[in-house]
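Shared between the two complexes below is chain A, which pairs with chain B and chain C, respectively.
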Partner chain A sequence: MTLSTRVKTLLHSKSERKRLLFYALVIALPLAQVAIFYFGVNINSILLAFKEYEGGSYHWVGFDNFKRVLTEIFTDSTAEWRFAFKNTFVAWIVCTGIGMTLALFFSYYIFKKGIGKNFFRVMLFMPSIISSIVMVILFTYFVDSFIPEFLMRYFDTEIRGLLSDPRTTMFMIYLYNILMGFGTNVLLLSSAMSSVSDSTVEAAQLDGANNLRLFWHVVLPQIFPTFVTIFIVSVANLFANQLNLYSFYGAYAEARLGTVGYLLYKRTVSAANAQYPELATIGLLLTIVIIPLTLGLRKFLEKVGPSDE
Partner chain B sequence: MKKKLLTIVIACLLAVMAVFSACSPSTEKPGSGGSDDEFGLATTIDPNRTTLFVSNFNGGFGERWLKAAIKRFEELHKNDVYEEGKTGVQVWIDNSKTGGKDTLANIENSRDAVFFTEYVYASDYADSGKVLDLSSIVNPVLSEYGESRSIKGKMTKEQQDYFIQDNGACYVLPHYQSFRGIVYDVDLFEDENYLFYFSANANNGNDGFVMSKNETRSKGPDGTGGTYDDGLPATYDEFFRLCEYMLEKGVKPVIWSGSNQAYFTDFLAALALDHEGLSDAMLNFTFKGTAYNLVSSVGANGELSFMNDGAEGSGVAITPNNGYLLAKQAGKYYSLQFAERLLKKEYIASGSMGTLSHTDAQKNYINSYPSGGEAIGMLIEGSFWENECSDMGYFDAAVKSYGQEWSRADRRFAMMPYPKATAGQVGEKVTLTDSLMSGAFIRGNVEGYEKELALDFLQFLYTDESLREFTQYTGSPKAMNYDIDGVEGISNFARSVFDMKNRADIVYPYSSEPIYADQPASFEPTSFYSTVVNKGAGDVPYTYPSRAIYDQGVTGLEYFNGLSVAMSKSSWDNAYGKYFINN
Partner chain C sequence: MNREHKIKNGSKKGFSPLMAALFVLLIVYALLILFPLAWGLGQSLMDGMRLDSTVVPWPSDWQFSNYIDAFVHFYVPVQAEQGTVYPTLVYMFGYSFVYAVGSALTATFVQCIVAYLTSRFNYIVSRIINVFVLIAIALPIVGSLPSEIQMAQALGLYDTLFGIWIMKGHFISIYYLVFYARFKTFSRSYEEAAQIDGAGNLRILFSIMLPLIKNLFWTIFLIQFIAFWNDYYTPLVYMPTYPTVAYGLWYYNQSTENALTLPMKVTGCILMLLPVLVLFAVFSKRLMSNLTMGGEKE
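What follows is the complex of A and B.
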């Protein structure tokens, strides 16, 4: 059947027309979202990548910005890019790896109605609703003032603040980000787990499944789509993740701590008109890298993920 | 159910607390909330007077200076009609913390007509078409205020070059001035138990430090006796002798903000530019002229050899083509040597390499002497610190804790002139660097009476009386040429800043050259210190000398050599090739 014949069939059948309308309405929302919030917002940014600012206005320069940016990244005389990429990937592995594992553990704990489950649910989500600046101040005070003072007073041990001490700075920043990422993940995963039917769980328990087997063979397969979504979003967000460095240090974080997201954000905040094309080019190049990575990973996870059948 | 309800209530309470804790008191408007406004300004908008909305960056300089000026302006125009049906004017302050870039992005829809803020890139403002040309108030002599100079006439040549366009238009006026430097506590220095001044007699039996207040002091960095800097360290060597002497006397030499190392880096940049002098310093922003202090090599004992174009002392011509050579300026080398010598645990107060905020550093500094604990001799800060510290209520708190004699009015602080890197430079003029790039401007789409009123108000703020009043309230200079002779109520600290300013060349770290105007943030003095150091584990980037030297054991020389690696010829060519000029 040719495409035109298929379309004709669809339009002639009332039920098919209804199905088509339903499909169109469902798909319209995400398409509109992409059109408005990606292309609409970024179209100027995409065009800027091919322009330069001179004499008070922007002019087309073809791929000059790409050449300049790629030369900057690959020669990297300041070593900033190398550190930024390294930190970005390490941060993703650490924060996603540890963060997701702990989020799964706590979500399962809540799902199994462990002691104080509601308390944990609220407390773990709390950082997500409190201003990040407040959380950064509290965290900084705790690790940089409280802990050294506590150790000095009760153990007569002098240490530097854990955030100030270069040996522990990065570890503290990872720790903070793991803690901050926790709440949303726990909320999403525990909500997904709550949809696992009681009868399935009871059946598994009657078959002698312990908690671990129940988690691995029953719960995880059923929440896997949610897990994949969270995981994929973290990949898509890879180059935007600035590890909350701007909340900790403003534009003044040490270069060796920076991530790609932080570097880009910091430059954008202080950029003058002539610097936007270069920043837009960096953004576009990073998008070109991240799109296939995200889509590929999603396909891969869908293929290898556990089945709930 | 009860538990669930309790959980929800706790969550809501915490959320509300978080929302309130995130609110900044700086957005408080005059009089809102039952004002106790000390200037008697109206607390609500008066419908019978013409209102002018003014946006003020409420940082270290606060808003009292603006309120004082508004009081006089409203009085001056109380019978004038700007708007039909209304007599008199009311100026309403909207305090904010919005910097120049974000202000410009949203300016067209703002209710404010006049703006004062920081980090204003004048060229972007000029290109934007969103701000008003101020030439009608900048060029005329302010004769209606009994003055013989125009606003333009109060600017330096460098300021005129930057702020006034080739066609005579002017879109931004320089606002306040901030110098980074070393603050010292005069009362502590003159305390009979300490006496931290150098004697005119280096062999006086007290390691060269005065033994009584009346002993004649050394000539200081200006090399002239009987001046404001007598007894203060003239060279880096003397500065570190002073630090050692302070330690002997149980005084911690220095404190600064640990959470924002840009404060310390800005100070090093100021030290570097002081060494270079105005002409060589400006090369970092104009890339046009001759550099006389470019280091070609550093000997084993720290002796420097300099680059030249062939003839001894001829220097090197700097253009946009070879701006990377400025990473070799001797001032940068010496400032890093200074940092290496200072960044020792025993010299610096707790928190300076930690997360101590700049305001906490100010508080710890002013409290250290009266508290009877370990006093702190010096504070590395901006010239606005005293006003900021006062606005934070720290002086009032000190009075409550230690007595009336520790009030702001009764204490004497001063800005220490930069010590010189070598004895040979003692006597050279001080070069100060203005560090905040603040500006004043008017929204471009003001019309009719609002435009007239906005221009009148801005012009009024640049009269000599307003400039002096600004200093009176903030303890800091406005970025204009004026004097404060005979002005009452100016603190010892503010006078010391003026004393130094009057004897100094001032570097305004900007220029109208395209290479600068297109990327001003890349050439900020703080960015002088982006380096790469390889200590065996590959290239590591550093932005702040303090962190690299104190935390990572990098030497001043390693840091200096890395500046040229980070700003290599190839990276410079790639970044700025389009600005190259044909020889």
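What follows is the complex of A and C.
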């Protein structure tokens, strides 16, 4: 049936007309919302990157913002950007590398029905329901007050707060982010593992596969698409990752701790109309970098990933 | 034979050095999560004047008055039209509740309804929406926050609770895909039988399809409610005169004015955690169920 005949049939049947009207009326509002808050916002963001705020209104300035932003990033007089880019990539390698590996193995432990799997499942889910600000406050006091006071009182050993001590600050921030990052990942990975059939596992075990071989040759290939999705989401969020620094320090984290996501968010929260174009420009430049990186990595992983055949 | 029997009886079970190592790591992880929480609970029951964080109070010394004092001493300054006002914890709880319930309800409802339409009405728009959601979720767009603030201000949605509900009520979400997958599993005969009985499109939606997915609907609502309850970024940026509890705690963690004692701050944390922990205790099975792309898997 051609498109025009379909349209004719659609309009001539009374019930089809009613169906179409119902569809159009109900979907109109959600579509309007997305048109404004997705397309409108992003188009406005692109346009802002080519404007400047002066005398109470915005004016076109061509690529001036890009020149200014790139100069700021590359000359980097305050070293803020250098730290931010370095920390962003190091944090991604550390938190994703350790966090994802542990999430995979913890999910495998639950899948293999290890001792206390229900308790651990609840514990691993906890970071998903506990507010980051609550956990940050408790964690900060715990490592900065409790641990030094405890060591002083019972072991007569004097140490600085682990977050206050510059030598351990970054380590504690990474540790916190790894601990809090398990929730959704473990839920998704253990969901995917639950679909691995018992007969496949039995067959592998009868063939003499130990736990590590079973994980590597049977389970991992079958959950690889889920693993790729989680991995790609972590790459896509590379420049949005704040490492919870805004929860720890508000707008006053030391420059050496900052990430790109933190820097952008901190500046946006305190920005006025005049700063919006510069922030939109930085956002646009980062988007230009991250989109091909994300899509390319996805394609690469799908190509080289293990096959479950 | 014995080995085969053992495997068949517990096909996924088996302890090995790997499992032992994972067990130890999981114990360490659980302690790292539980210890600060238990310590915080102990501190919230301490005498507010005592400053030693290593002391765990005996039950006879528990100060439940901290929980009442928190409602008096916890307040944040807000720049309103009539000058600076100081909403207390009662107001913050109220704003948190209205923000979280309203946003979770609009978001879940919109995702559910749009998924119903795109999965059951085979129009070209449905197919476009479906592809668009997949692309929009996967496409990382950085730094659109300034533009979003501008848009909210221009439309009069900035700093209003109603405005934030509208902004949160979109379908570009993983939960849209979960609803979509669930609706796709239902047979066409549901609608056909209802149509023969004279039911209209609205009635089919509200009397047949929505009751079929009510469990999934409330599960997703709960997940989103908890996320909004814990969120302080949105109130900080979009609702400056409606401070929520999460925002209040963040504010107190950064601010030096009206400095609260450690037990008082920690009491605020426990108070904020309580509703979420109660919800989790009641609905833990539902919250931890597998939200697969085929819907909720019990």
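Quick note on the criterion: the second predicted complex is superposed on the first by the 269 of 309 C-alpha atoms of A that agree within 3 Å, B and C clash if a C-alpha of one lies under 4 Å from a C-alpha of the other, contacts with A are read in each partner's own complex, and residues count from 1 in each chain.
By definition in this document, a residue touches a chain if its C-beta (ideal position, glycine included) is under 8 Å from a C-beta of that chain, and two chains touch if they have at least 3 such contacts.
Everything numeric in this text was worked out from a predicted model, so none of it was measured.
Asks: With the two structures overlaid on chain A, would chain B and chain C clash, or do they fit side by side?
Replies: clash
Asks: Looking at the overlay, does A:113 come into contact with chain B only (first), chain C only (second), both, or neither?
Replies: A:113 contacts chain C only, not chain B.
Asks: Could you say whether A:53 touches chain B, chain C, both of them, or neither, answering first, second, both or neither?
Replies: first
Asks: Check whether A:131 is in contact with chain B, with chain C, with both or with neither, and answer first, second, both or neither.
Replies: Both partners, chain B and chain C.
Asks: Examine A:95 and indicate which partner it touches, taking first as chain B and second as chain C; both and neither are also allowed.
Replies: In the superposition, A:95 touches no partner, neither chain B nor chain C.
Asks: Output check: A:162 vs chain B and chain C. Expected answer is one of first, second, both, neither. What do you get?
Replies: In the superposition, A:162 contacts neither chain B nor chain C.
Asks: More chain A residues touched by chain B or by chain C?
Replies: Greater contact footprint in residues on chain A: C.
Asks: One more residue to check, A:122. First (chain B), second (chain C), both or neither?
Replies: both
Asks: Please work out whether A:72 is in contact with chain B alone, chain C alone, both, or neither, and reply first, second, both or neither.
Replies: Touch status of A:72: first partner only.
Asks: Quick one: classify A:239 as touching chain B (first), chain C (second), both or neither.
Replies: A:239 sits against chain C, while chain B stays out of touch.
Asks: Taking the superposition on A as described, I'd like to know which of chain B and chain C A:189 touches: first, second, both or neither.
Replies: Neither: A:189 stays clear of chain B and chain C.
Asks: Both chain B and chain C contact which residues of chain A?
Replies: Looking at chain A, the two contact sets intersect at 119, 122, 126, 129-131, 133-134, 140, 145, 249-250, 252, 269, 271, 275.
Asks: For chain A, which residues are in contact with chain B within the complex?
Replies: 52-54, 56-57, 68, 71-72, 75, 77-80, 82-83, 118-119, 122, 126, 129-131, 133-134, 140, 144-145, 160-161, 163-164, 166, 249-250, 252-256, 269-275
Asks: List the residues on chain C that touch chain A in their complex, please.
Replies: It is residues 3-4, 7-8, 10-16, 18-19, 22-23, 25-26, 29-30, 32-37, 39-40, 43, 52-54, 110, 113-114, 117, 121, 123, 125, 129, 136, 138-151, 155, 166-167, 169-172, 195, 200-202, 226, 229-230, 232-233, 236-237, 246, 249-250, 253-254, 262, 265-266, 269, 272-273, 276-277, 279-280, 284, 287-288, 290-292, 297 of chain C that touch chain A.
Asks: Taking the complex as given, what residues does chain A use to touch chain C?
Replies: Listed in rising order, the residues are 15, 18-20, 22-23, 26-27, 30-31, 33-34, 36-38, 40-42, 44-45, 48, 102, 105-106, 108-109, 111-116, 119-142, 145-146, 149-150, 153-154, 179, 182, 187, 190-191, 194-195, 198, 201-202, 205-206, 210-212, 215, 232, 236-240, 246-247, 249-250, 252, 264-265, 268-269, 271, 275-276, 279-280, 282-284, 286-287, 290-291, 294, 298.
Asks: Can you list the residues on chain B that touch chain A in the complex?
Replies: Interface residues on the chain B side: 3-4, 7, 10-11, 14-15, 18-19, 21-22, 101, 119, 121, 123-124, 126-127, 258-262, 353-355, 514, 517-522, 530, 532, 538-544, 547, 551-552, 565-568, 570-571, 574-575, 578.
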